[in-house]
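There are two complexes below, and they share chain A, which is joined by chain B in the first and by chain C in the second.
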Partner chain A sequence: MSTEVALPILIPLLSGVVSLLFWRQRLVQRFVAVAGTGSLLVSGLWLLSSVSEHGILVMQMGNWQAPFGISLVADLLGAIMVVMTGIIGFAVALYSLATTGRGHEAFGYFPLMHLLLAGVAGAFLTGDIFNLYVWFEVMLVASFALLILGGEKAQMEGAIKYVTLNLLSSVIFLSAVGLLYGLVGTLNMADIAQRLGQVEGNGMVDVLAVMFMVAFGIKAAAFPLFFWLPASYHTPPVAVSALFAGLLTKVGVYALFRVFTLIFNQNPDYTHEILLWGAGVTMLSGVLGATAQFEFRRILSFHIVSQIGYMILGLALFTPLAIIGGVFYIVHHIIVKTNLFLVSGFVNRLCGSYELKRLGGLYRSHPWLAVLFLIPALSLAGVPPLSGFFAKFIVIRAGIETEAYGVTFIALLVGLLTLYSMIKIWAEVFWKAPPETRKDEPEVAPIGQRELWQMYLPIVGLALCTLFIGLYGQPIYALAEASAEQLLDPTRYIEAVMGRSTGVTP
Partner chain B sequence: MVRSGTLILSVAARLLMPLQLLFSVFLLLRGHDEPGGGFIAGLVAAGAFALYMFAYGTQATRAMLRVAPQDLIGMGLFLGVASTLPAWWHGQPFMTAQWWTIPLIGFTFSTPLIFDIGVYLVVLGSVLTAVVGLMDGGRDDG
Partner chain C sequence: MEPLMAVVIGILYAAAIYMMLRRSIVKLVIGLMLLSNAANLLIFTSAGLTRGAPPLVPEGLAEPLGKVADPLPQALVLTAIVIAFGVLSFAVVLIRRAYEIVKADDLDKMKDTDT
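Right after this comes the complex of A and B.
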């Protein structure tokens, strides 16, 4: 029996429950946060090695056979995403030891963090479309609470936009699931894929495809409904921003990848054309939004939007190379973007501000931090030999091979503008002379040695991951290649879930 | 100490509360095969405590509960998650129902029941957390 399929969901659930039981003991909560996310990472790695060895793993929850019960399915893409969840969870848990104040911890920061991770891991592993909706909601409920942690006015304003657009997306998602169930009479994704192949010449399938595209597009912050993201991500405590930036939108992207390779692959000319131009406009509008911003975290938030475009572009081109590029891009982006947010929190801790014009001179006082910023920043812009270069290279090459020159041109242009944005931050925060301090500014508390290490450690770790992917990308590329192969051949997924021979029976 | 000021409510709360709690346990136990279950039973129990709270105030209710409502949520979630694990012991997928019959009284105990008790505690805890929060938040002096 493959225990490892369920462990990445159970571990964060259990750690969340334990830290809720000890909600008065701060030390226990902090210990459980690190231990729980650490074991999530280990279980993710176990799952990944097991999946790459044995192929797609399936567990029928409660021993109810598919398509009647809920199946947990781990294919390579799902397993890779779970590993990323573990890495980000672990890094953010370490980082939040230093940055989350006692007040936030008393309001249940750690239990909510575990719940969020459980929701994210659940969404990556479920093989049932309604269960996917449930995990989305688990994730959203936890993220709503995390977003307003502390209850400042700016947070409320951001949270209202966040909640409204995400609820809209949930409603569209749920109605699409209902209509889909009416059409094929099943909720198991493998079974849906099988039966939808038999429903021919039905315009309803295209309608459903577009509904899912809109629902997941909002969650992934794709054009045109991405406004909730830059409006809310710069408001919560920085560890929360980093967690959201790394994982939440990527769940939407993952759902797009899953649904548009497994279920809606009948009419790619129609749906993937929309995705293609959606991706192009998403890239462009995100990066243009970023150039107009002068607040550290807002710039980064807009860049999430533009980077989402590259991932969707990989899916939309729908060739093996493009899917490889998309998967590679997701892996690269999760690490880099979380790291940039962690650095922004560090800068805020040192100088007491996120506003670019009130920062400066950090290269002189903290040269290593400047280097640690430069690694993810240049990687985001796609400068060789960092991870972003290879991610962009694969996607753009796939674009040229399929002769989608317009979108490829946009992708290249956006890379240049990203570089501009990152250099803007570099010049303002690290290079220029520090601004004269005004009298009314509050003094920033001196930073302790222990706190310093708790913040440096995750940043250095993630930067090393970026360097590793860049300098030694072959194993990651091979993984992405194998997962793209699985994605483009849905029969393997269907057989693994539905077939008696390969299904895991006790 | 009578907080509500009306004699009828105070006396009725004292009489109704045990009945409501008994009824909630009844609903909880019959829930597996018949209408009922952890969720609705938890709501009924929360209603009982809320009635008591309206009559005697939050202090008296806290004293009677003995544990904080937040702890009830934690314990309930713990039972819920723990109930998925025994199947693992038997080498079956998670959440597979396990049944044990206690020989002398013929009572059948099962993991779905543990799960239901967990749901019961979570619902009770979350409703009470909300009600206590609202009643305490209404007064500034607490």
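Right after this comes the complex of A and C.
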């Protein structure tokens, strides 16, 4: 029995319960937030080290054997994602100590954050497709409540779109699960993979594949159903934005990776071709949307969409190198994107605005913040030697090797346009002279020393991660390579879950 | 029984999508309710309908006699109903708050975050 598989789910659930119990004690909640996310990170690292040592770890819940009970499965991709959840959770918890106001904390910011992390970790670790749906819902309900904390007009408008499209995607997912169960009579993903090979006729399987693609595509904010993301991500408190930007869409991407390597790998000419062009158009539409924006967080939101395209491109090309690129890209993107949102929150705290037109001159007053913005921004655009360069390099090289020149060209072009957007932010926020202050602008409260450190610490930490991946990427590459190997050989996953003897018949 | 259920499910999906495409946020939520019910019925039907054969093992036997209904889809539907209930009650509260703040029940008037 390997307990480390269940710990990343239990720890945030427990922290959530504890902080609910201390509903009125603000200090205890803050302490539990840091301690809980910190131990989530530690348990994630433990899980990753033991997965890379022993191979795929499986825990049968309640000791019900594989196809009958719910299995928790940690393969390398799942473990890597859990570590990323820990890193982002910890960074955002530290950051929210300084930026989340008393009003938000009084309405349960911290318990909801823990619940969200539990949902995300559960989605990464479950080996049961209906259980995946349940974890998605846990995550979604927590995210709904976090999104409208504060109850401003823009938040309400954004939340209606967010809630509607995410519920639509959940229902499509649920319908697909129902039809899949009708087809193969099992919910365990390993068992589904095994039995789907024996199903005759590809028609129904292809329909199901496309249904899953649409459902997870909405969650991952892929073209054409990404509009909920830029309509809502810039509205909540900035720590929430950063948490969402780092983790939520990546759960959708993870689910796509899981489902389209393990279950629907019979007909890649059809399914992965759709994914390929979906990825191309996602990249292009996201980046073009960003060029038209002049609001800090909105530009970043559109860039989430375009970056999702690269990850799906890695999956769609479906060669070992491309999957490595996809996994590497996810790791790089989660860190960089969260960091950019954290910087945008810092800028807002200093100047009281997210509008690029109202900002300026920060290079003169806060040169270090400017440098800390430039590291993730250039990394996002793919400037060497930062992490984004290697991520893009691997994906694009895989594209050239499989002779998918059209999509590869889009990927290169989008890199250039990303650089344009990032330089736009740099020039407007940091470089140009500060605009003349008008009378109607709100006064910004001075920042205390402690608050300053609580904001600087996660930003510096994530920037160091980016630099580390860029300058010493070999261990991450090796990890991504090993996980790609596992993903492309589903028999290992199936054997780990079902046991060697596969003669069980219900 | 199955063809009838298929038609019912189809009508439910169609009605749900139609309601969701309308401008009023109240109708949007009605659409979401219909949608989740359609999905529940779909799970129930696609797993196969068996009449009058509860999945019970008679006393003293190791397995049930003859063909019985599959209990798993019912468990799934039950879970899905609970989740949908929670989420929908959130949605109802959300549209009420949105109506109070935006002072409109029209999606076309909620465009501030789009441009």
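Heads up, the rule we're going with is that the second predicted complex is superposed on the first by the 498 of 506 C-alpha atoms of A that agree within 3 Å, B and C clash if a C-alpha of one lies under 4 Å from a C-alpha of the other, contacts with A are read in each partner's own complex, and residues count from 1 in each chain.
Please note the rule applied: contacts are C-beta pairs under 8 Å (C-beta built on N, C-alpha and C of every residue); 3 or more make two chains touch, one makes a residue touch a chain.
These figures come from a predicted structure and were not determined experimentally.
J.: If you stack the two complexes on chain A, which partner ends up touching A:60: first (chain B), second (chain C), both, or neither?
T.: After superposing on A, A:60 lies in contact with chain B but is clear of chain C.
J.: By the touch definition at the top of the document, which applies to A:154: first (chain B), second (chain C), both, or neither?
T.: After superposition on chain A, A:154 lies in contact with chain C alone.
J.: Touch test for A:103: chain B only (first), chain C only (second), both, or neither?
T.: In the superposed model, A:103 contacts neither chain B nor chain C.
J.: Tell me which partner A:448 touches in the superposition: chain B (first), chain C (second), both or neither.
T.: neither
J.: Looking at A:14, would you say it contacts chain B, chain C, both, or neither? Reply first, second, both or neither.
T.: first
J.: Looking at A:23 after the superposition, I want to know if it touches chain B, chain C, both of them or none. Which is it: first, second, both, neither?
T.: The first partner, chain B, only.
J.: Quick one: name whichever of chain B and chain C touches more residues of chain A.
T.: Answer, by number of touched residues of chain A: C.
J.: Using the touch definition from the top, say if A:385 reaches chain B (first), chain C (second), both or neither.
T.: neither
J.: Okay, in this complex, where on chain C does chain A touch?
T.: Against chain A, the touching part of chain C is residues 20, 25, 28, 32, 35-36, 38-39, 42-44, 46-48, 70, 72-73, 76, 79-80, 83, 86-87, 90-91, 94-95, 97-98, 101-102, 107, 110-114.
J.: Taking the complex as given, what residues does chain B use to touch chain A?
T.: Touch residues, chain B against chain A: 70-71, 73-75, 77-78, 81, 84-85, 87-88, 91-97.
J.: Residues of chain A touching chain B in their complex?
T.: Within the complex, chain A contacts chain B at residues 1, 3, 6, 10, 13-14, 16-18, 20-21, 23, 59-63, 504, 506.
J.: Tell me, which parts of chain A touch chain C in their complex?
T.: 130, 133-134, 137, 140-141, 144-145, 148, 151-154, 156-161, 163-164, 167-168, 170-171, 174-175, 177-179, 181-183, 185, 187, 227, 231-232, 234-235
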